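These notes open a run of structures that come right after.
In the two assemblies presented below, chain A is common to both, partnered first by chain B and then by chain C.
Presenting the complex of A and B:
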């Protein structure tokens, strides 16, 4: 008996040892221009497919895994996003946009099913279960918000039988992503935000960021043909923090003017005096430390991560080599430098707090900004609540390469685009940039519009895409309580096809911002009045006409003789007739 | 001036006005096509263009929520050059449609069926306007011109309704059945015109030949003929689009009103504000209401079938789900056929004033609601109420006049006397 217990213990130890390489996490900090900082958190856990099928979960969260099994979901991508990535100032998107979502919630999955109907019913199961798991209104993704993209998304994982897989995609642009979505997100992590880099994630700072996106990606990864497969779950958080804003103390978050003695004034200004001051722009990198910026300290490494090798370096910062970085910890840590010292990585101590302190520093080398492959902006033109047009401007900054991309629009049904008005123009050539069009028109109250365009934009050109649309008026029960705010239209998704290829299967994506679409509104206080007034007009017409049809004309002077007119006449007539009948009998 | 010359002058000038408006103001057609008073979801030219675009690009236009018009319009308009780039051919087509409608209207006026029928001869039968004047009233009605410039497909429906009336009053069975089947195929509700027009056709035929045909056999043959023609059109449409989906997208939309785009009618705001659980019930009631006028009028005014048909077009302009000024213009052009009833009408000032009031204030109030934002939906709704009330006053008043006119023939001693309805 005792030996058996020992044996079990041994197995547990071995499992722990082998599993330690199945969980990775990394935080990459990258200062961006204008005193902002990009923080990219990445958590990756693996589970072998065999163990997953047997419901033997180790790092893969059980609640999440069971939902995927129940809905026959083979690959899943969920995104919660707030804010806009400012490509003009910040450059290329983290992960090439592959871990980014449109404003609100975006979800797409490959579901195994025999038919489209089955796939859709499993999709509904999936969104309803995830809705409960993430405390988000994912259950509102119904047929009107679901599309089946044909060109924009390809599976990231390795799938054995891809014929029975159905891709479904849904968006909730109106969804407000907030703290209640972060808590379940952290619970899916093995260290649950108690240790490791996830201990930095605090709702107050995350949702106060200029841009933030939380992503969950589940995909099967196979080693070669017929090799063993693992199910990889990747959780990503990207946030762009405004350093000055984040450093504000939590108990006094309102920005106030500092006393003039504390401000360094630009004495070069003509109006500079004892009581007027223009703040001096010092062009210096601001001072910050992790605790101040994220609102809580980094509580050492998550013990489940690898203890040696590259994967042990869970905190990296990408700055010019001249930037001074001080480490503040009581535990044992290690620093490694790579990529000609622009990347500094730290192996965190276990069980001790860790902090990076960067003092204010005048820099001689500027920040390197990677040029994005494309810039995209989209807006609604026109005025009034009846119709309008959408204009998307896509710019190719490259001087040498033409870029081929897929443009995906998923519009709500009450925004009715006119495809015959779709015009795509390139400013440098008269050639039509549209190569291929996929269009599935909306059906009222049943499904939304799905438009995919494969286009080519020549080097150094700007492509302008416009189309007209008409706004439908809804039934008064279909408007939300804040009807005059307008309705959100999901961001357009752009996927780059050529010549840029990402090294992995993730692809290169960018998304525009969402649009706000004001619809004409009825008067919500009027249902009874409208029913009464319309019915009155109809009754007037009906009564007038049928009154003429069923009665006959007589001269005015004949009326008293006939004894007709009014109730009295009718009754008298009846009595007369009855008398006559009785008399005859 | 001889009649032919007058007609040539009238038609020439009407065509010239239209083509001038088309060419001198190139943005006018699209601007008018976007007006809710002129274009409804089931007649809009912009939606027709979208349907054509989808049709020529092998996407079923009926698998979407935009195109709700008859399938046979697609091959017809796909023969024409693209109106976004070469609008002239379309302009000529719609001008021709208007001229043919006016021609049909002139034929109705010339047949004299409005004053003298087989069973009834109005005592005021000499009080008539010439066919040229009536055609001019149609061609130069601003509502007709606006419909034509907006290229609304209700112009085609109007053409077929007028042709059906003209052929019925001439006693031409075959063309009548064909025209009415086209009208019903395009807009569905003209099917209700069949009974009164059948009576008209029977009267015209009976007065032409010595021996009147058997009424039973006559109606059976024509009903079967109409059914066959409509079925043939539907079948051709199904062949053309490859499925029967178009039924739900065209007639289904007219029946169930899923598209609540504002129009001049009474339905859209009612069903915007309707409680969900009562929607189906009131849809049934409203359609029953529209259909209820046909049997009553046909039976009561058996002797004046053309008047019944005219009144029914007026009912359609008020009580159908997607009316526009095109429906009103059809009715308002048919009313002058009954010039002899005008002295008997009592509320002409009230009716014309409310029509004018609604025509001027309707666009203004719509602008206030949709563009300026200083008004709300009730502004436009109130104007549609006034418009419908004005039209229903004309309908009711002309019906009173027609019945009074009949009374004068039945009882000549009451002519000019006060009468009372009992």
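Presenting the complex of A and C:
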């Protein structure tokens, strides 16, 4: 195996583009193990802050810009994510996790305000407006889902007066991200998915991916002190496609077994015969092309991007140099190779379709997969309707460096942690890894728990963090329609502080998966049963007392008969008469 | 026959049933039974009073409590006042306009001139609600009191704003006299005359007075027509004093009024550049706005505020519902059919969402067609711009030199935007409902203020009337106190606005009418009022039926039984 360029550096190379033009886009393709492919789309549009203040929007979308101005938001980060990044197989996260969100929707922003109350009311304005813009239930981010992180997030942009900025963070782990969120996302782009790399984005394929995250980041960028400022909006889509799954034709998506004659059998197996066959694993890189994989062709370059220089190379693919790549286009394109030929970048033709075709190939070399700085997993333990515990396992794979990080939990109010049960253990030492704790307890129906821990893991060890919690019983109307499914708990956010540093201000992050918390659920027909039961009891009591008061009590033989023998007698008489008549007839 | 029957019951019917139903045997059977001891009077009354007291509690306490707790709160509204306003019975808007005259004349002559001009004006005016009053601008020191009364009953020169127009009399020696000149950027009419045209104190008419009267009449003719139209369309008894309008004028006025946006204190203007390709991707909109639009907005600032934003949108395609442009050989141009113009704006794809904040958004769309489809025109008229009523305007910008390279049009210069910006200015003027005449912009704007004040009063009144109707027609909707408060405020402000109109203080009237309109709308669109419209009374009963049913049965049965025995006792007696 040859060692090639570090993925870390590669991302930095892709991200660091000069600010000469106002619109940049780049797609980086990178094959991952198990015949998957990571596609990282990145779109950046710039608007000078003067034009932004005057509401003259060119590359910056007007609807989005007006929301930011209306809510006095100086920096904004929105994430829509589905799926789990499989760090064991896929290695380090794209953008070091800085453009990734927890499952569902995550949103954090720096809002300018004089007081906390004002900041919160502007935050509500912001989430409500964004909810309409992105067709997402962002408006459900209320006080119970909002926290004010202390250590986990730092502003990426250059802010002049940071004292009046308030950071608010909200998550919706239950939100199902779907095609209706992609359409508004594409509309924010200057080329709108009609040209450029965004023409590859198709809702069916994007939301069919094993992992996908869409991110929008708005930040002010100033050049030097007192220099001119621009507002940068970065839109990112990262998706991990299963190549075999994506290549299925849309009109026939059900996988079918091929006829046995077409399968190459492993003749080494003992049971191999004419009718039994174990498919031969050839360990070959699968064949694919862009059109097949993304379900639509790449319609040339977006004409707004730079025409020369590094920024003109809008499509890059990171493969070993020996991998055969054919280009299929009628227009004029250019190919450049960099980083020991592991990164091939293409300048796309304008107005002509472009396709990359990679045939099936037996590889002798591979790329070195960058290992993540930390591995994290979190789960709920325990049983019963009353209590449970959370366990987070964080592993430091490095043999040399101790890692310092911040662990952020934002728990719903109905999951009440007992802080005194918080235990952090490292398997290699007895020292307490927790350096600093920030805790803001929940208030029922008003706010959720906010827990931030600064911890250190020594080299090559595993940290286990556990705490117990109590499950609250909700009011009848507070249950969602699918109450028995359980309640989603937002993913924990981990930010690395040392020794790893990212090249820019974005930081290094990773997120655990979200949790499903089963709560005791009542029988939902209960209120009606209660109404009926109480009514019956009251009516019984009333009837008895009333009858005692108004009835006249006489001897059994003194009961005045209704007609003869009461109601029954009357009916009997009728029947007898009928019988007599029938007998006569 | 089931054997489980009670012994006493089973024997009796068998005997009685055999003979066909005749009453004597069954009566005999009853007579055979042992009679209970006769009930004492005291216990009878006790039982009756028990039943009666239960019923009394149910009727006097239970039902009212139930009714009260499930009733919907409905605040009292001054329904009669609201209906009266809607029918126009309370306020009959009048528009007394003050016109100041600056005359370099001795006071006596000036007053005489005023009086004769006023007479001539009154003779010309057919529309009683709109009345022009002449007065001296700078009254020279104590003049003849009696004449002052003739000129103007109350001398009110305190407020400059309330003077609709100033007339400056300027003596000249040359040129045709009398002649007049209306200043385009101030509400001033210059009248040139030769000194010998001043009417002698003895005469009752003079050519100068008649001339001024005619000029004034001409200037305010359109305003009168607009107001007359407004009064005629508003419901109620205004029709009697309205002057008759010709059908053409009426149609034209209707067209203007349906075009115009509803009045709002703030308008958001959005200028958008749309193109189906990637060029042009930039425009020099900032300086174009500064040159072509900003002066216009400045002059409107007395009436409304404006915010302006702009955007560039590439790859904007037509909606699939309209027919694609066709090439017309005769025009040598691509043409859009007139009936497709309404679908030209692709509302689903083009991001023309309203701006955030109060007030309507006015959209101006500049469409630059594809090079292959240029020039693009409207088939029937060959025009390249049109107005969408109450929404905005569209202009198609065809590159001036067709067939030129894309590089030329990659960015639109201020000069290239000029014609489109002029179109947008005109469209904005008609969208705001500004009259076409007279040529002086401040006069037109003050006309707009009067028309707007009147229309706001009418619309607020009709909203109140509609609210009164809703209140009466839908007894099941709740009406919170806030609605009553808003209605009171609206009525008070309407009255004040009407008074201001009568005093001729139109700016104040506009302000008050705006508040009245806002409060009326707030009352009408109160959110909690619609909450329970679809929650009928049956539901109230349904929820309580499990309780009410079992309780009601013994109560009713006891009452019936008691009534029956009481009646039979009465009959027996």
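Everything that follows uses one rule, which is that the second predicted complex is superposed on the first by the 509 of 585 C-alpha atoms of A that agree within 3 Å, B and C clash if a C-alpha of one lies under 4 Å from a C-alpha of the other, contacts with A are read in each partner's own complex, and residues count from 1 in each chain.
Going forward, a residue touches a chain if its C-beta (ideal position, glycine included) is under 8 Å from a C-beta of that chain, and two chains touch if they have at least 3 such contacts.
Being a predicted model, the structure only gives us computed values, none of them experimental.
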* Considering only touches as defined above, state whether A:443 meets chain B (first), chain C (second), both or neither. => first
* Asked: Touching A:263 in the superposition: chain B (first), chain C (second), both, neither?
  -> neither
* Could you tell me if A:70 is touching chain B, chain C, both of them or neither one (first, second, both, neither)? => second
* **Partner chain(s) touched by A:577 [first = chain B, second = chain C, both, neither]** => second
* Which of chain B and chain C A:53 touches, first, second, both or neither -> neither
* Could you tell me if A:473 is touching chain B, chain C, both of them or neither one (first, second, both, neither)? => first
* Which partner does A:192 contact after superposing on A: first (chain B), second (chain C), both, neither? -> second
* First (chain B), second (chain C), both or neither touched by A:62 -> second
* Identify the partner contact of A:520: answer first if only chain B is touched, second if only chain C is, both if each is, neither if none is. => first
* **Those residues of chain A which chain B touches in one complex and chain C touches in the other** => 531, 534, 538, 540, 542, 546-547, 549-550, 552, 554-557, 559, 564-565
* To do: Over in the complex, which chain B residues touch chain A? Could you list them?
  => 34, 36, 46, 49-50, 52-54, 57, 59, 63-66, 84, 258-262, 266, 268-276, 289, 292-293, 296-297, 300, 318-319, 369-371, 373, 376-378, 381, 385, 388-389, 392, 395-396, 399-400, 403-404, 407, 411, 414, 417-422
* Structure fact -> chain A contacts chain B in the complex at 383-387, 413, 416, 418-420, 437, 439-445, 470, 472-477, 520-523, 526-527, 530-531, 533-534, 537-538, 540-542, 544-557, 559, 562, 564-565
* Structure fact -> In the complex, the residues of chain A that touch chain C are 51, 54-59, 61-63, 66-67, 70, 129, 187, 190-192, 194-195, 302-304, 531-532, 534-536, 538-540, 542-543, 546-547, 549-550, 552, 554-561, 563-566, 568-569, 572-573, 576-577, 580
* Considering the complex alone, what residue numbers of chain C touch chain A? -> 5, 8-10, 12-14, 16-18, 20-21, 26, 29-30, 33-37, 39, 43, 47, 50-51, 54, 270, 278-279, 281-282, 285-286, 307-312, 314-315, 351, 353, 355-357, 543, 546-547, 549-551, 554-555, 558, 562
